[in-house]
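First up is the structure itself, then whatever we jot down about it.
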Amino acid sequence: MTYWTMTATGREHLKLAHGDVPVPGPREVLVKVGAAALNFRDRLAIDDGLTMVFPETGPFVPGSDMAGTVVAVGAAVERWQPGDRVISVSLPGWIDGSGPGDALLGGPEALGSGYFPGVFSEYVVLDQEWVVSAPANLTDAEASALPMAGLTAWTALVERGRLRAGQTVLVQGTGGVSLFGLQIAAAHGAKVIVTSGDDAKLARAAALGADHGINRNSRDWVQAVHELTAGHGADHILEIVGGAHLARSLEAAAVGGHVSLIGVLGGFEFAGKISDLARKKLTLHGIQVGHRRSLEELVRAVDQAGISPVIDTAYPHTELPEALDHMTRGPFGKVVLTFP
Amino acid sequence: MTYWTMTATGREHLKLAHGDVPVPGPREVLVKVGAAALNFRDRLAIDDGLTMVFPETGPFVPGSDMAGTVVAVGAAVERWQPGDRVISVSLPGWIDGSGPGDALLGGPEALGSGYFPGVFSEYVVLDQEWVVSAPANLTDAEASALPMAGLTAWTALVERGRLRAGQTVLVQGTGGVSLFGLQIAAAHGAKVIVTSGDDAKLARAAALGADHGINRNSRDWVQAVHELTAGHGADHILEIVGGAHLARSLEAAAVGGHVSLIGVLGGFEFAGKISDLARKKLTLHGIQVGHRRSLEELVRAVDQAGISPVIDTAYPHTELPEALDHMTRGPFGKVVLTFP
Amino acid sequence: MTYWTMTATGREHLKLAHGDVPVPGPREVLVKVGAAALNFRDRLAIDDGLTMVFPETGPFVPGSDMAGTVVAVGAAVERWQPGDRVISVSLPGWIDGSGPGDALLGGPEALGSGYFPGVFSEYVVLDQEWVVSAPANLTDAEASALPMAGLTAWTALVERGRLRAGQTVLVQGTGGVSLFGLQIAAAHGAKVIVTSGDDAKLARAAALGADHGINRNSRDWVQAVHELTAGHGADHILEIVGGAHLARSLEAAAVGGHVSLIGVLGGFEFAGKISDLARKKLTLHGIQVGHRRSLEELVRAVDQAGISPVIDTAYPHTELPEALDHMTRGPFGKVVLTFP
Amino acid sequence: MTYWTMTATGREHLKLAHGDVPVPGPREVLVKVGAAALNFRDRLAIDDGLTMVFPETGPFVPGSDMAGTVVAVGAAVERWQPGDRVISVSLPGWIDGSGPGDALLGGPEALGSGYFPGVFSEYVVLDQEWVVSAPANLTDAEASALPMAGLTAWTALVERGRLRAGQTVLVQGTGGVSLFGLQIAAAHGAKVIVTSGDDAKLARAAALGADHGINRNSRDWVQAVHELTAGHGADHILEIVGGAHLARSLEAAAVGGHVSLIGVLGGFEFAGKISDLARKKLTLHGIQVGHRRSLEELVRAVDQAGISPVIDTAYPHTELPEALDHMTRGPFGKVVLTFP
């Protein structure tokens, strides 16, 4: 089988290697990967070495999000049998609640970080607790988008924000998390506002169910949010840009609103005015993807509400570098790899 | 009767005036004020005109927090009768939930802001909905500390943070909100850590029930929090300094922790690292005092748990300027005015 | 103007009377009623005198739920102006949270109970706090169904149950509350199962968005729920029958499920097995309609999600007795009165 | 080593057997048991065979709650090392949230049920995930009371009820769960009312921190609760009797109150009036002990708040039959076995 690996930080060290199909241990499953989705954090790990380590035993394999089929199970495995379609739990060991970790480092680590195996590989062995059932109605390419992008939006809006019908949800841009936010919000009967610098993308977002699109290059988007909500503001905001951009999201938020900090495009620090935060009793949520119970809920919601994750482009798994470049250029939805 | 008033912004315009005792309307009560507590926001209003207006009819009277006795009631008043001891609801009209307001201004406004009457006055007329029963076991001076300082700590720890026994609460400094935070946390069976630059104040905090004191001038207080909690961190933090100081509080917080932004001593902007926020799934709460239902709960808690608010100094009501100066110097607990 | 009234308990005392259009007090509004919805509790009050009193001043007027237009406002009214379309808050004084009341009687009382004015009248004077904006997209007949039937379903599923997409909601029968439950659940992306003894009604429910219908006369409905959910059970159940029927709902519920006790057709006592309750960690909710904040949320949800309340039959307001009889026969949705 | 076992249902088959000390598997720990607490469910299993099975391999060993010391660990164990003091997680596999199980059977099963090993044994082998750290300040006898009795009270009051200072908690009787409820409530600054038929027990409860005792044989205890709370009622009730007794608890509850159904002394069915449930918007909680995350929180709370579990009598582990008889007679707190 083939798998992606690297022995030093930097894109130039990324190589497609050949190896034996691994054998699952007593409580493990062997999954034949059908598709794997790329996340911004994969690029940070591969190019800059962020939040990754080179494992002491075995190769480093990147990638955390995949959909595939169980092809073999260990002797003590009770949850799965060969033929089951599954998706990965990208943060192994986080079942529910706040999860493991300490004040210094937080946690947990992700698949494909070197702490745990990666999924940019034709086959992967995972603990039986690190996969959940795939949605019945999605292709592997679509299902592979759920473990991080879909779950991040679900955690922000549903698990932390307790979204309900009739509320207003603002998503920034049209990347993978934002489009999942749009679709999850629409499935809950919420009003969805999307901001973008590209009218064509706004039109595509409207086709997916967005109620309003704001071209942030044409006008002050915060003022537009106030107008579109008759002064009420947005009850939920997915802050994708991050950094000082947060300050504007706080202005756009409704009294009692929820703002989830997700993106780091605007920098690794965030800033805002205390007066907005206090006078509107806002809640800011730090989001690290989400736990397994939420992922199981998301799978049920995707099936019931008929959500089809938006895949910008599916590359053959041998074209990971091209796929990484594409992701950096700002796709509409997700960029994924498909495996033979 | 006498009352404090001003016709232009700035301490030099603050004057003690004489007038008639007002008469309550059909749904109003007349309260003889026993004591009134000072808040930092009073100083910002008086000295700098912050979040205040000069009312079109009648004089501007500062002050939002008082305890006193109902001495007359309007014809349609059902909630109160003469002789009832009450404290003020400092943010009138906010009964429960997120309360009134819009995305532009938030809300609501406070007593003593010019939008509503102020309580630095021997008598005050208030809507019957704008007062709640005073705790049975406190003096007026003590009870006057509840409407803003006590309620702010309660909102942060209990209403928003859902504090439970065994958790760790960190309070910064020994001002009014922080000491209420200490006492409320201790009453809930929490571990309390106090930071201060003054060993004498830490000793007094320990006498009030703090489990640990950290002199922030002697050592790195964040590291100390990690050590005192065996790496777990603080589950709840009252961020009193604000501004960039927030970044350090995020480092001190536990996985799943709650950080309430309260103070503005460090500036009106806040900043921190997204990595701390995300990897520890923190929740940041913007706190604007609290609603009436929480104030009623706080009153019951104070009585049941035997909490005695800490009054640094009680000044005769004629010495408001001296009291404001004292508050600026960093008292241990609250500075209040007492009325004859 | 005409209004319905009675001077003694019992249907035979119900009379359409004539009187002057009332004049609003300083904080009141005069509403020209467009439509009023009937609730089971109206029948209990009119026929059996349940939870009603004859007011000491003025006539008893039944009816709590109406939609209409503000035609005059008192001098101190700030929330409304003539021309505003409004619906009634059926439990006056309950703004948010748990609301008023004590351990002996609970509370609050409803409009049309004698404690408060009733709305089966061409015009009604209400406190400005006792109405909220009507949905923009509904007729008065449709909007009049929200204050009790719609709000009861919203409170059970959303406010208490915290419904999310992908969960399974079971509603019993096809009365007003159940059909609102169906529509609210579908608007949140939930799977909806309806039980009924009538296949024609199940077909109509499917057309409204129900995923599955179970004819309870054809088969064991609890077993059917287990099968339709692959053993998972229902996450939310609106228990409309009540009494001992609750025991079966507990069997149908999922682990961690929510069961809302709403109906009293099966008797005023409820019963069930502790083992179901405990081993599935169920939560049983006692539901008394809901508070004003929830009603405002429901109005926004209805407009955003395009929910059209189901009106079985609209009677001219002069035919209240016929309408009451119709309601007793088990309508599909609501029975309402329309006013000229 | 010795351990208790039986090959057929019924007390007469209960025997103390001898066997080899077991050896832990790769992810298991061997614990030398210091003390084990008895629960009512142990008697139901031993005497009546309730919710138990005879395992296909190995002997049936009763008992779910123990405190002891890790003496050996498997090769893959990371959480523990020899010398660690631990207590058992009585419902293995329930980490957080609603946990595993389906609509038919609920779940999970307990230690000592035959589905999982039992702890009435000098040594027991358990999965490393099935124990948590013991409180630092308790003896083994005291600590053994936490896994079921302590956790049940914590789940009801804190995890489900979200208890806060100043609220009123009613506990019925002075058994193990009730006394934990008393102590947990007092540690959170709540007002505690205890009912009992025995004045001596009420006096002992007062010494433990109860604010009020009501002798249910001397007067109507519901009326007494109303009086002691000035008509407010109890915000939280631990319903220990169950059956039709629940109806009285509903009468005693406050508006918005929480009633947790725990006991089955009054029968395996419960009953009450819908009017109490609805008009007071009560929440009834089905409680099955609790999850591991709550148990970890309880351990921290016990250490921080200085809670000492009440042990009525500690029997040598060879006297299990005598201990079971004692438990049936209504002890004050817990009956435990101590091991050499």
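For the reader, a short list of remarks on this structure follows.
So that you can tell them apart, the chains are marked A, B, C and D in the order they are listed, and the count of residues begins at 1 in each.
To be clear about the criterion, a residue touches a chain if its C-beta (ideal position, glycine included) is under 8 Å from a C-beta of that chain, and two chains touch if they have at least 3 such contacts.
Per UniProt, the chains are A, B, C, D = NAD(P)-dependent alcohol dehydrogenase.
This is a predicted model, so every value here is computed, not measured.
In this structure, the chain pairs B-C and B-D differ in their number of contacting C-beta pairs, and the larger number is found at B-D.
If each chain is reduced to the centroid of its CA atoms, chain B and chain D end up 40 Å from each other.
Shown for chain A are the residues that touch two or more other chains, namely 97.
If touching chains are joined by edges, the resulting network of the protein chains shown connects every chain directly with every other.
Considering their complex, residues 97-107, 160, 225-226, 229, 231-234, 242, 247, 251-256, 261-262, 264, 268-288 of chain A touch chain B. For chain C in complex with chain A, the touching residues are 158, 162-167, 184, 187-191, 211, 297-305.
On the chain B side of its complex with chain C, the touching residues are 95-97, 293.
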